[in-house]
Each structure stands twice: as C-alpha cells, then as structure tokens.
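The following pair of complexes shares a single chain, chain A, combined with chain B in the former and chain C in the latter.
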Partner chain A sequence: MKHLTVSTLALCAAMFGVQANAQAVTAEKGGNANMVLLPKFLGILPFDQANRGAEEAHAELGNTGTLLYTGPTPENSVAGQIEILTTAGSQGQAVVMLSNNAGDQIAPAAEAAQAAGTKVVTWDSPIPSGAGETVFVAQVDFGSIGVVMADMAHSIMGGEGEFAVLSATPDAANQNAWIAAMEEALKGEKYASMKLVDTVYGDDQSEVSYNRALALVDSHPNLKLIMSPTTVGIQASAKAMQDEGLCDKVKVSGLGLPAEMVSYTMNGCAPGFALWSFVDLGYLTYYTSYMLATGKITGEVGETFNAGRMGDYTIEQDPGRENGKRILMGPFTVYTSANVEAEAN
Partner chain B sequence: MTALRSWEGFLFAVLILIYAVNAWSSPVFLTPGNQINMFQLSVEKIIVALVMTFVIINGEIDLSVASIMGLAACAFGWLVQAEVPGGWAIMIALMIGLACGAFNALFIVGFGIPSLVVTLATMIAFRGFARVLVEDRGINAFPAWFNHLGQKGLIGPVPLAMVVFAVLAVLAYLILQRTAFGRKVYFIGANRAVAEFSGLDVRAVKAKIFIASGVVSALAGILFAARVGAVRGDVAQGFELDIITMVLLGGVSIFGGAGTMSGTILAILIVLALRNGMALQNITGHIQTGVLGILLILSVMVPIIRETGGRLIARVR
Partner chain C sequence: MRIPLGTLRILVLLAVFVGTVLFFASQIDGYLNARLFNRISGSVAVIALIAVGQAFVVLTRNIDLSIGSVVGCSAYFTGGILIAYPDLPPILVPLLAMGIGAVFGAFNGFLVARFRLPSIIVTLATLALFRSILVQSSDGSSITTNRLPTWLTEFATLNAFTAGELQFRWIVVISLIVVLTAHVFLTRFRAGRQFFAIGSNPDAAAFAGINAGRTIFLAFVISGALAGLAGFMFLSRFGNITVVAGLGLELKSVGAVVVGGVNIFGGSGNVLGVLIGAALIDLIDTSLVRWELVSAFWREAVLGLLILLAVAADTVLMRRLLRRKPTGGSQ
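This part shows the complex of A and B:
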C-alpha cells in the first residue's frame, strides 16, 4: 500500500512538473537553518508522524541547524501557538512549520515573525486569510476530500438516509473547508436521497467528541452514519458506537489513522475511512521549508522544486483562499477491511 | 506585616534570580523587543490579575473573568460585523462587561449566594453567549486603526495594552493601599462578620468590586481582540486559572484579608519571565504548565506552612 501511494504521488508530482514547464530546483545539502515544527498541540499521533517525516528529511538533507518539535497543550492551543511563534521570531529561527489551530488570530504573530526574518510555512491547516504565511503545504485538494467523504457516506449508507458531521473545533480552517466541499458534492443527483442533518464539534478532544457522538444518536433517531473529518473525532465516535452497541445501526466514517481505526474497521463499526500519510506531509513540509531557508526558492507561484523521495512540486495559487499559495501533496487512500490491517502494522 | 514584607522580598529575590538565569541562558531575553513581546503575550491576563487581587483579598473569587473577556471580545466583533462604528462597539462591549459584573454582584451580594457558585455558573453562561454571538465562526474584519492599536507601538515600541496595564497598576496600587476603600476591602476580607457589626457597607464594597471586575475583564477582552485581530467563541478560554495563579503566587490569601498589590505585580513579573525564559529554551507545552502548577502549589503551601510552624513554635514557648 505504501509503495502504491508513494508511486502515485511521484507520478502526480511529475505531471505537475510537466504542467508548470519549469526546471525543478534541487536542494543543496548541508545547509544551516534552524527549524521549528509547530503542531496544533502535542500528544496526538498524526502530528508525531509528521515529525517523523520532518526528521527523515532533516537527516537526509544534512541540515547542520536544529529541528525542534514543540507545541502547546490542547487546552492552551491558541495562546500557546501565538506564544511559540512569537518566541521563534525573537530567537531568530529560520522557519516555523505551523499546523494552524488559531484561525486568523495567529496572523499578526505570523506577520511579526516574518518581519523578524522567520518564514512561516503552514501545513495541515493554513492561516485562512493567508496573512503572514509564506506558503501552505496542502495534504490533498480540499475539494476532492469533499467528494471522497460524500462517496464513502454514499457507499456505507447505501445511498439513502440521515447522517451527521462531527468535526474538530468550530474554526478549524481545514475541517470547515472539507465540510463545505462535501456539502457542495452532496448537491449532485447521486446523493439526492442522503440528508446531512447536523454538524457538531468535538474540539478534537476524545472525551468531548465521544459525548457529542452519543448526543447525535440521541437527537437523531434515524441517524445511519457519523462522518468525522478528524482523526480524534472518528476514533472517539467509533468507540462510542462500539461501547453502546450501536454499530449495527449507526456507522462511522471520515478521516482516520489506520493504526487507531483498525479494530473498528474489522468489527464493522467504521467500515471505510480515508487518510493521507502524515509522515509524507511532514517530509514535504520540511523540504519546502529547507528550500526557502536556503534561498533556493522564495515562495512565488510557479516555482518548482525537487522534494527528495517524493518527487517534484510546484507552488500554485490556492484555489480555496484568495491570498494564499499552496503546494499540493496529493492523493490519499481509502481504507477498508481489505487493506487497513496491512497499513496499521 | 513583617511576614508579608518578607514574602514580597522573597518574590523579589526569585524574580532577580529568574531574570539572571534567563539573561545568562539566552542572549535574546533582555532585548527590548523580547521584553515587550513577553508582556504583550499575556497583557490581557495581567490586567485582569490587578482587579482579581481586590476580589480575592475581599474574600471572594471571580471565575467568570475569562468568559466576560470572551463575551466582550465577541460582542465587539459581532457589532463591528453589523457595521456599528468601532468606537461605539467598544463602548457597548464595556457596558456588557459592566452588566456581567452587576449580574454577578446581584446574586452574590443581593441573594447571598457564594461567589464560587455564582461565578462558576456565569463562567459557563457568559461563554455560551459568546459562542452564540459569533456562531462558531471567526470574525476578523476589524477597522485598521483598531488592529493597529493592538499590534503596533503607541509610545515608541510600547503598545497601548502595556500603557493601559501600567496606568491600571498604579491606580490599583493607590486604591488598595492608600484609600479608605482599600482598607475596607482588607477588613471585610479578614472578617466579614466583624465588618458588618462595625457598620461597614460590606455589600456596597463587594458589589463595586465585582462590577469593576466585569468592566476590566471586558476591557481586557477588547485589547485581546485588537492584539490578535480576530475573535471567535473560545477567546481567552481558561485564562481565569492563569490569572488566579498570579494573584495567589503574589501572596494574596485565598481565604481573604491578606496580600498586597505589589505582591501581585511581582508575581506577574515572575510568571511572565519564567514563561518567556522557558519558551526561549524551547520548553513549552505540558512541562511549562507543570512548572507553573508546582509554583502555584508552593505559593499556597509556603505561607500556610510558615503560619502553622509559627503557631507551633509559639505553643512550645
């Protein structure tokens, strides 16, 4: 599975390279740039996986600077991210790689960091207004996530019935964009008999998400599916349905990590879900940041560079954000009982 | 009184130590830019800590301050979005803070319900209103002058919020330590029953303090909105604990009646310098929270141990 994903990635990237019709710049190894990888908060698996990818690229590029993985606690995420980003500017870090959880509230801090000479590369979740952001490394095209979620819902629900969304925080730019994209996809003829009845927020905390999932079942007696576009939410929902013996009635789907979801997929609580590789996302983000820090690219639309084992990538205008620029990592994998076990181990 | 003075002396020594260690371990620490950032990152909390000092010395607690900050910030955002001029939006947000404080006072003073219970309830309620107002979306289209006030220097590189803090700190010091009102705050906090029997206007003093707490919290919320240039329902969520931590560390007794404004201000400087120093050493997240937690436990424990110790010694004699 891994090989398939990587090779499709390379293929996709190669196609982009051709489209951009530009020579890809390659990295000069052994540079010196201090990097900070700043996740939404510490303590959940996907961010640790992204760090693994970043560490891989860090070693591969022989950066003599440091790679620091640091973040706030979940309860203090917004203020903590602003604090760490501001401090990074004072410390003179070369690049902060940010998975933004603070919405536009972090924009002034990002602009201040840029003014102090620290670049801000976002990944996983961008700064909505694009202010203070050098470039966003997007995991997958936000529109296509919407279609995949709609299709997973369609196949699990047999094309008809009520379902609800359990998201992360109300202001998480990525989740909101994916939900909007799914709502757009749902307008199609194919999904006419499916009804999205509610959208609730579990704040990306297990306990809150667990309770919200149960509340959804209570308030919508005909609910057939909970769609959760967050790794915390989908796992908590699946556990809630399993604990309450509701899996025959209410299924769970969305975006999840194979290692966390394998048991729920095998017992039928969450028959299908999707995700991209966070390791790859961390790797690509690090490559992008290193190229920026060493002056090989400047972050302009149209620049093409080589990201090691993942192939060539081009900076483009972000179709979802007027003032944003992005690098699209591309495709992701749908996991079912057929392939989840192999990926989980 | 000697004991209090020595607690502040101890805090001062700790502060010097932290500054020395920070300056030694990071060349950035003492730069004006970093010092300003250090204050600016927590300026809203430390403004509220000033008024919280009055609340706790008075023998009460106000857990709703952070929710009032959030409500005022969200109300401001909502009003701006509804195309109310910025100046009016600020006035209305401050009035909302006043109303929140008066609401707390009504139940605490009027109906005699413990402030812990009342403000725990309003902490949840005011936060709920804030979330309803902005309907789970961020609002960021503030007037340019407003963002400028929050993010740029007002006097040289010093931003408005720090000037506000400095002015309020002097005012708070003068009111608490140099006026009749201040003495009443201590007296009521030390022994409410005696204060009542002495004919003190206990209810009026308490009501004024809670209303002031509401207004100052609203002001802090608006300053927060200006600093980050955007609001959403969770603005300032959880700040009440940091604020109370600073005040208790300053030697203010959780049982009321004891503590000083200079103690609070020293504690504020300690917490800020410690946080900033740890951040510069890349110590963040859970470890930082843990260190601040231990600090709080010590700050509550040490005076108690000293008191019991003193009493034991007195008994032996």
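This part shows the complex of A and C:
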C-alpha cells in the first residue's frame, strides 16, 4: 500500500512536472555570455555548417558576449580538445559546446571546467559516461537512424542480397551505436532476405576508405550494397565504385553531404542517402547553451524551452547512456535524385 | 659466383614479397587474380613516390616527418587552383603540384641545412605547421570531385596499356619512371652518389669537397617535390580532398624505406628496395582487410608485427648469406 502511494505520488509529481514545464521557457535577448564552439577538429564542412548555425543564433539572441569557434588540427584532435576545454575553464568562459572526439578521456577536463563554472554542452558526439557533461544535443535518435539505414538498404537492394558496412574507426562511439541499431532493425521480418556480410573501417580518410571499399567488393563477389554511415566513407566508396565501373552491380548508401554526393546520386552510384542539418544542430546547440548561461534553464530532465525558429525542445533522459541527458533534434532528410540537386547548391 | 650486396638485398626482399603473397593466397579465397594487381599497383603508385622522396632524406641521415602534410597541402592547393582556373593545360598541373611540394620541402631543407637543426624536430614542427596552414586556408570547404575538370578525375583510372586483365595505369607507369630515374641518378651520377657520401661519413664527404648543406637542402626539396607529385595523384585518385588528406603517410613512407633496406642512420640503401618495401606494406595492409582471422581492432597491431617480421627476416637472411660469402662487398 505504501509502495503504491509512493508511486502514485511520483506519478502525480511527474505529471505535475510535465504540466508545469509544458509552458516553454523563452530566451531573454541581449544577455552577456562568452561561448566557445569546439568541433572535433577544424577544417571540414559539417563543423563549419554548425558554426554558421551558432552564429545565426548568436546574432538573433543579441548576445553581447563573444562566440569563439576554435578547435584542434586533425592530427592533434584528442589532446587538442582536452587542452582547449581546460583553457576555456580557466578563462571563465560561460559555455563550451563540444563535439567530443576524445571518448571518456575528456571527462576529467570537463568536470574541472564545470567546477570552474563553465558549462559543457555536447553536440554531434557526447561524452560516453556523461561525466562533466551538462546536456547532449543529439542530432538524431541513435535507434531510429538504424531503422532508416536498414530501410534505405532494403529499397536499394530490392529487399534481398548481401551488403556490407564501411564505418569510420572501430572505436567511434556514435558510428558503433548506429551500426548496432541497424543490426537490431535487421532482425525484423521485412529484412529477412538481406544479409550483412562484413563491417570494415576507413578511418574517415578518403584514401583508406577508397581501398577498403574495393577490398569489400573483392572479398564478397555477390555484394549489392555498401552502407557507409560517414560522410567521408560514403563518397570514397561511391568514387571507388564509379572508377572501377562497378556502379551497376554495387550501390552505395549511408550518411552523406548533398554537396559531395550529388554527382553520384544523379548517375545512380548512390541512389539514396540520409543526413540531418548541421546548421540546425549548431543553432539548437547555441540556443541550449545560451538558455543555460542566462539561467533560464538549469539542465534538468523535463525542462522545456523555445529555440527560436526551430520550436520547443525538452531535456530528457538519454536512452543510450545511463547517466546522460539529451535534447533530441531530429528529423533528418533522405536524399534521392529528386531532391539532392536543390540541396547541393 | 658473386652477387653484389645491393642486388642480394633486392632478391631477398622479392622473396619475402612472394612469400607474403603466397601466405595470403593460402588464407583468402579467390585472392590471386588480376584485380589484386590492379588494386595494389594503383595505391602503391602514390606511396612509392613519397617513399622514394623519404629515401633521399634518410640517405643523408635525416628524416622528413612532414611528408603527409605536404601531400595534403599539394593536393588541396592544386585542386583549389584548378577549380579557379579549370582551363590550365593538363601537363602543367602535375608540375604545379610538384612546385608547391618543393616549396614546403625547401622550407624544411633551409631550416635543417642552414641552421643545422635536427630534422626530426624541424619536420615534426612543420608536420603540424603545414597541416595548420591547410586548415586555416581551407576555411572548412573541401575540394569535391564535381568541381574538378573531368580529365583529372579520369586520369587516375586511365590505362597506359593492358595485358589480359592486368591494367597498367598511367599513374603506375609514371611512378615507375620516377623510381627508375631516381635509381639511375643515385647510382650512376656523381651528384647522386653525394647523398650516400654525406650519410655514410659526413667528415670524409666534407674533405672530399662535398657541400653537405646544399646536398641536404636538395634532399628535402626532392622529397617535397615527389610528395607534391603524389599529391597530384592523390587528388586525381580520390577527388574529394579534405584537410585530413595524407594524414599518417609519414609512417607508411618511413616504413617502406626501412623495410626496403635503407639504413635508417643514412649512407646506404636502394630505391628499388624502397619500391618493393612500399608494395609490401600496401600488400599487407590491403590483404589484412580481407583476412577474416584479424578483427579491425587488431589490424594495426598485426600490420606493425608483420613489418617487424619482414625487417627481421630480411636482416637474418642477409646475415646468413653474408656469412657464407668470404668477402662481403659493401655499399
């Protein structure tokens, strides 16, 4: 009986909580908070697009503080990220927006920054343990991207045959989560005649991915599709299939940038692929960070806020990480020959 | 019967190479076919150029760790210039890439030769410096295939000639010409022999009137120019160039040089060996992907181990063979 009472109370509290927060908090413009946008490394398109979104929100909110876009160079990604995060904490920056490339190694630096009063909001790639992280702005539900990849494969392969995955690195947390989600989806009856025969890793480098894609074709003579959930891998695979005249036999799909994929989609090498908007991801991440910095939200589960042109968002428990909290952006776009050209320009 | 030491070393390397092919053929179904040659030759064409450039530097008791960044910069900047001026005559483009690479190489060479700074420190610094220049100037935009002239993206798969199903692509032919030219230059010309002289005994070389500074500077310029040419092939082959292009090539090039039998302390070696070394490393790398016994997590470790084995096998075989010969020649 007591147990029941407690849970009823909890239920009421939960409902009340939802009720109380249903009214989304809106931002107060013209605040002063210094922000740092820290990508995995500098110099590639998706991160620059995220910065564009952050700058848009920065201007829109009239923040009198600074927005600094800074990151390590590619060969120094892990150490560089930890160093920049540590420095940001000691400089007293209000928020660091981090696309984590350092796994849990960065957690101590993130905890130190938090202790110094700097909030750490992750986007694109979270801190796996959630330690030192205020909240993660997730581009997409990691489970649903698995279903989308399975469906794209299903439609391109006509529902049957062998296919393989070309990923980034064997220890990339988000890649592994997506591949696992796809394998889970493949257990469905709809996909019974499709077989995932291999998973290889191209290290997110064109040259490695290109050679790996060709090796896949050589190892599996009946291969019908290469599924590559990384922007570098998908275009290198498509180029490799095109170069070797294999596009009629082996198709390519996955996650790609329209600007890089347009020619392969139009000539049939990569008939369909998906991606979300990195501009929107940067915009939403900035809004979240600004709300935290100005004290409008504190980063607790259940808080709802208005993120300008993108609408209302609620902080929730991250289903993929026990101690993580997330804000789910979604949705993503599936690109085919019908819509890729408009997006590429 | 006397076989010169250099030739012996090449033969031993070839034996190791053939042994490796046979090993993988026994492990992987449908391994030995024409496609294997086509795949590996195309990728070795790029690595071999970089490795030969590295060999010039290593011969003079130096090392060039910035070579991957130079490849990335040359590929990116050549692509950028081509997008801005798509009508450049094709013959100028590889020369342009070599020129860009040579400028980076000259910068390394100037610091090492003029100020006598240790090359490992200088090129470790320029590895990061050149990559940063690339990151800063790229402003986050990649070179994409569809913005490049068609002749360039098609060049990488253009065949010079075919023999049955074996395809000899132009990039492979060009790369072989470069290796042979470097070999003849190093072994037959006085200017070439100077690289060995500086490396094997700098004092003696100085007494013989060889300008050490100039030779070392030249080694770095050659290394840069060949990395530039590799950058051109890289651009043609992969089309999409991001700021990570060429990352980690310094390891592959040093690996190829050492496996190829160039003394890491300078003074001896043969670029034909380096070519086989490059082919061996690429063969192992490509084949490991298809060897189901090795998971992706262990592939790097197994690659490292096999390189060690190759070097060890080469050393042991050489020692055995030398012991049998009453008078071991030297080179």
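Assume the second predicted complex is superposed on the first by the 324 of 345 C-alpha atoms of A that agree within 3 Å, B and C clash if a C-alpha of one lies under 4 Å from a C-alpha of the other, contacts with A are read in each partner's own complex, and residues count from 1 in each chain.
Throughout what follows, a residue touches a chain if its C-beta (ideal position, glycine included) is under 8 Å from a C-beta of that chain, and two chains touch if they have at least 3 such contacts.
Since the model is a prediction, treat every value here as computed from it, not as a measurement.
Novice: With the two complexes overlaid on their shared chain, look at chain A and say whether chain B and chain C clash or fit.
Specialist: With chain A as the common anchor, chain B and chain C collide in the superposed model.
Novice: Regarding the shared-chain residue A:T87, is it in contact with chain B (first), chain C (second), both, or neither?
Specialist: Touch status of A:T87: first partner only.
Novice: Is A:P170 touching the first partner chain B, the second partner chain C, both, or neither of them?
Specialist: both
Novice: Is A:A215 touching anything from chain B or chain C once the two structures are fitted on A? First, second, both or neither.
Specialist: In the superposed model, A:A215 contacts chain C only, not chain B.
Novice: Taking the superposition on A as described, I'd like to know which of chain B and chain C A:I44 touches: first, second, both or neither.
Specialist: Touch status of A:I44: second partner only.
Novice: Applying the document's definition of touch, where does A:V78 land relative to chain B and chain C: first, second, both, or neither?
Specialist: first
Novice: With the two structures laid over each other on chain A, which partner does A:S129 touch: chain B (first), chain C (second), both, or neither?
Specialist: Once the two structures are laid over each other on A, A:S129 reaches chain B alone.
Novice: Go through the superposed model and pick first if A:V262 touches only chain B, second if only chain C, both, or neither.
Specialist: second
Novice: Touch test for A:G103: chain B only (first), chain C only (second), both, or neither?
Specialist: Touch status of A:G103: first partner only.
Novice: Applying the touch criterion given at the start, work out whether A:L68 contacts chain B, chain C, both or neither, answering first, second, both or neither.
Specialist: The first partner, chain B, only.
Novice: Between 23-31, 239-247 or 293-301, which run of chain C pushes into chain B after the superposition?
Specialist: After superposing on chain A, the stretch of chain C hitting chain B is 293-301.
Novice: Would you please give the residues of chain A that touch chain B in one complex and also touch chain C in the other complex?
Specialist: Chain A residues touching both partners: 41-43, 73, 75-76, 170-171, 201.
Novice: Which positions of chain A touch chain B when the two form their complex?
Specialist: Of all residues in chain A, those touching chain B are 41-43, 68, 70-73, 75-76, 78-80, 82-84, 86-87, 90-92, 102-109, 112, 116, 128-129, 169-171, 201.
Novice: Which part of chain A faces chain C closely enough to touch in the complex?
Specialist: 41-45, 47-48, 51, 73-76, 170-171, 199-201, 204-207, 210-212, 214-215, 218-219, 221, 232, 235-236, 239, 243-244, 259-260, 262-263
Novice: Please output the residues of chain B touching chain A within their complex, sorted ascending.
Specialist: That would be residues 26, 28, 31, 33-34, 37, 41, 136-138, 140, 147, 150-151, 227-234, 238-239, 275-276, 279-280, 282, 284-286, 289 of chain B.
Novice: Provide the residue numbers of chain C that touch chain A in the complex, in ascending order.
Specialist: Touch residues, chain C against chain A: 28, 30, 35-36, 39, 43, 46, 127-128, 131-132, 134-135, 138-142, 144-146, 156-157, 234, 237-248, 285-286, 289-290, 295-297.
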